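One chain, chain A, appears in both complexes that follow, with chain B as partner in the first and chain C in the second.
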Partner chain A sequence: MTLVTALRKDALLQWRTRARFLAVLAFGAVTLLLFSFAAGPDAASLRRHAPGFLWLALMLSSTLALAETFQAELEQRAIEGLLLLPASPRALFYGKAVANAAQLALLGLALVPLAVVLYDAPVPRPAALAGVIVLGAAGLSAPGTLYAAMSSQARARQALLPLLLFPLVVPVLLSAVKATALLTTGDPMGQLRSWLMLLASFDAVYWSLCGLFFGRVVEE
Partner chain B sequence: MTEETVPAPSRGPLPFVLGGLGLALLVAGSYIGLFRAPAEQHMGDVQRIMYVHVPTAWNAMLAFTFAFACALAVLWKGSWRWDCRLEAGIEVGVVLAALLCVQGAIWARPTWGVWWDWDPRLTTTAVMLFAFIGILALRRFVDDPARRATWSAVATVIAYADVPLVYFSVRWWNSLHQMQSTPETVSSPFHLPLRMNAFGVLFLMCGMIALRARVSALRLREEVAPPPAAVARAAAPGRP
Partner chain C sequence: MSAGPGAGVPSAPAVEADGLGRRYGRRWALVDVALRVPRGAVVMVAGRNGSGKSTLLRVLATAIAPTRGRARVAGFDVTAERDEVRGRSALLAHASYTYEALSALENLAITARFLGRPHGREALRALLGEVGLAERGDDAVETFSAGMRKRLALARVRLQQAEVVLLDEPYGQLDPPGFRLVDRLLGALREQGRTVLMATHLLERGADLCDLGVVLEGGRVAWTGPAADLPGEGVAASGLAEGAAS
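Let's turn to the complex of A and B:
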């Protein structure tokens, strides 16, 4: 029950700051554009690298989206009031992490058409691609939410969040890029399943670990 | 943190004894490895870097595992002593992992023809190096000591849990590294210098961790419960 209430609070917060979401989306779009300049105008190489560019754009934009996620809670020390409520910090964490995962998944889905246009990337199985994006967004969001809770209360927070998050989510990046590439260019060896399993196990490990530790991080 | 006061840092010559012993072993083992042991059949003299590379690899992993154990102890017992050991373990682990990457690159260039290869062990080491550098940065940018201790312990547990995931994802992605060298996989003339250097680096590392933990404890005491003289100085600025 408290989880639903927490989720409702975070969904409402994100709806009311939707201008920020649009700004992050525009940032992701700009990075997609810049990647094509870095890789050159060769259409075949752009198409081959499209999955990697898509996930890099999502990863870079995710730090912007996640960095602000505790803004409202830190203003006027609202987080202390939240912690005084008879709700477990775990529910607060999962509410926020689910809302962040949803936001990142939306961001990823919104970047796909742009990648299709810019890189001429084929999307033969859009529903499966959406599934990969949801799994990948979940993998970024759980540790990202926990680290945002720390970095938003530390000095040098802009540098700190990506420094902590990026090395950690290397398995997410690898498996999501591989799965996306296999979905778009075909999967003759049947490898998709093992990459999805790896991504899902990362999600399982970090959704449980981060939920376990969130209370310790905010209560001190 | 459940502990109110920071315990006095231990004194005594133990870190220096360990460090000296480790250094002596390392010098002797490297001498045997460089001048006495035969050259390897295929790689020639290049292989001799194994005598420092393999011990560094073992001990870097050991240092991060030690940091992980310290992090669990901080979260469980809330004691400052383990926080100091945690900082020491991470810092020494970062130094060893950085050395490991550099040695690996030096060996890879003449052997594989490239400085860097996306092999699972090499890549995992690099990822771990950056993950733990991030934790050191986190410690630097958090001012409250209790918060710093809990947060860096949480971050250490989270980063350490990532090791198998990174390793397997990179292994599926690409692989080239040769089998790891252990006394079972190399022939007997190579054993003695390899073992001597392994214990040399181990003792040196233990000495450095102990010494670094002592420095952390001294800093922490200054921060949490400054000695009266420092309080008096802070209360009356302007006076020498």
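Let's turn to the complex of A and C:
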């Protein structure tokens, strides 16, 4: 029940601040565009790198989105107010992490058409690609929510969040890129299932551990 | 979660502290504080800026942990039984504990849901009416003045119906009608038998509604006594503590 309440709260907050989502989406789109310039005009090279570019754009955009979602908790110390009610830190974490995962998945799905246009990347199995994006977004969201909370009170928080987050999400990034590449360029060796299992395993580990540590981060 | 005046450990004092200390870096904000507040008492906590009033209330509310010593609220230890304390206390802090992007009604509804209380719009609007915000219930908190945020925070405290109420500068940022609103809130809490600790500089305000006074000086309890013995003007900065302690 508390989890549902926390999720409703974060969903409402994200809806009320949806203009920020559009700004993050624009940032992701510009990143994809810059990658296409950097890769040059070779169409085959662009197609080959499209999965990596898509996930890098999503990961870079995620730091902006995640940092913003935790700022709302600090403006009037709202999260302290909830903890003093008392609300369970774990419920607050999972509510926010689920809302962030949904936001990142939406962002990833919105970037796919742009990647298709810019990189001429084929999407033969859109539903499967959507599944990979959801799993990848979940893998970014859990540690991202935890580290956004950790870095939110630091003076150099804008730099600190990516510094903390990027090394931790490398396994998620690798498996998401590989799974996306197998979906777009073909999977003759039948490796997709293994990469998806790896991605789901990292998701499970991150969601379990980050939920445990969140209380220590937000409580003094 | 709901805690009426009779909840908690019935025989214990509402607030009890012994050797309580809190350090920020190298500086001690609270030093060896000893307090005993009977149930149902309304206590004024006075002192200069930086004397430790807010820190004391935040430790008692479990917003921060004590560095040393112990404190019990409603019979529960603030360190070992934090959730029990939280379920029985409410803190009016300097921050309003609200989400700026959400409306006043939405903020109260979130609090009510976490407390497991009814959160119908009309009931919450009536609560906002009590603090003079009925007309602004659908407006985002980011459009509110500091005084309006304080009123919303007071409504939040009312919603909690806590056994022990900790008010940090409740008159701050308020206009004269707001002062009267706090006086009414204090009166209502007293009638309901709830225990109140109120930190304030404005000793002339609310003093007649308080039973006891505590003066903090440099983080230490420098004076305690009946609230009626607290002078009315500028006492926190006047050296009352030295005079009373000597």
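For the reader, a short list of remarks on this structure follows.
The criterion applied here is as follows: the second predicted complex is superposed on the first by the 220 of 220 C-alpha atoms of A that agree within 3 Å, B and C clash if a C-alpha of one lies under 4 Å from a C-alpha of the other, contacts with A are read in each partner's own complex, and residues count from 1 in each chain.
What we mean here is this: a residue touches a chain if its C-beta (ideal position, glycine included) is under 8 Å from a C-beta of that chain, and two chains touch if they have at least 3 such contacts.
Being a predicted model, the structure only gives us computed values, none of them experimental.
When the shared chain is aligned, no partner comes close enough to touch A:R48: not chain B, not chain C.
In the superposition on chain A, A:L13 makes contact with chain C only, not with chain B. When the two structures are aligned on the shared chain, A:R77 is found in touch with chain C, with no touch to chain B. In the superposed pair of complexes, A:T5 makes contact with chain C only, with no contact to chain B.
A simple residue count on chain A separates chain B from chain C, and the partner touching more is B.
When the shared chain is aligned, no partner comes close enough to touch A:R90: not chain B, not chain C.
Residues 220 of chain A contact both chain B in one complex and chain C in the other. Chain A contributes residues 143, 146-147, 150-151, 153-157, 159-160, 163-164, 166-168, 170-171, 174-175, 178, 194-195, 198, 201-202, 205-206, 209-210, 213, 216-217, 220 to its touches with chain B in the complex.
Chain C makes touch with chain A in their complex at residues 1, 61-65, 82-83, 86-87, 89-91, 93, 95-102, 106, 110-111, 113-116, 140-141, 149, 156, 160.
Those residues of chain A that touch chain C in the shared complex are 1-2, 5, 8-9, 12-13, 16-17, 72, 75-78, 80-87, 220.
In the complex of the two chains, the chain B residues touching chain A come out as 1, 75, 127-128, 130-131, 133-135, 137-138, 141-144, 146-147, 150-151, 154-155, 157-159, 161-162, 165-166, 168-170, 172-173.
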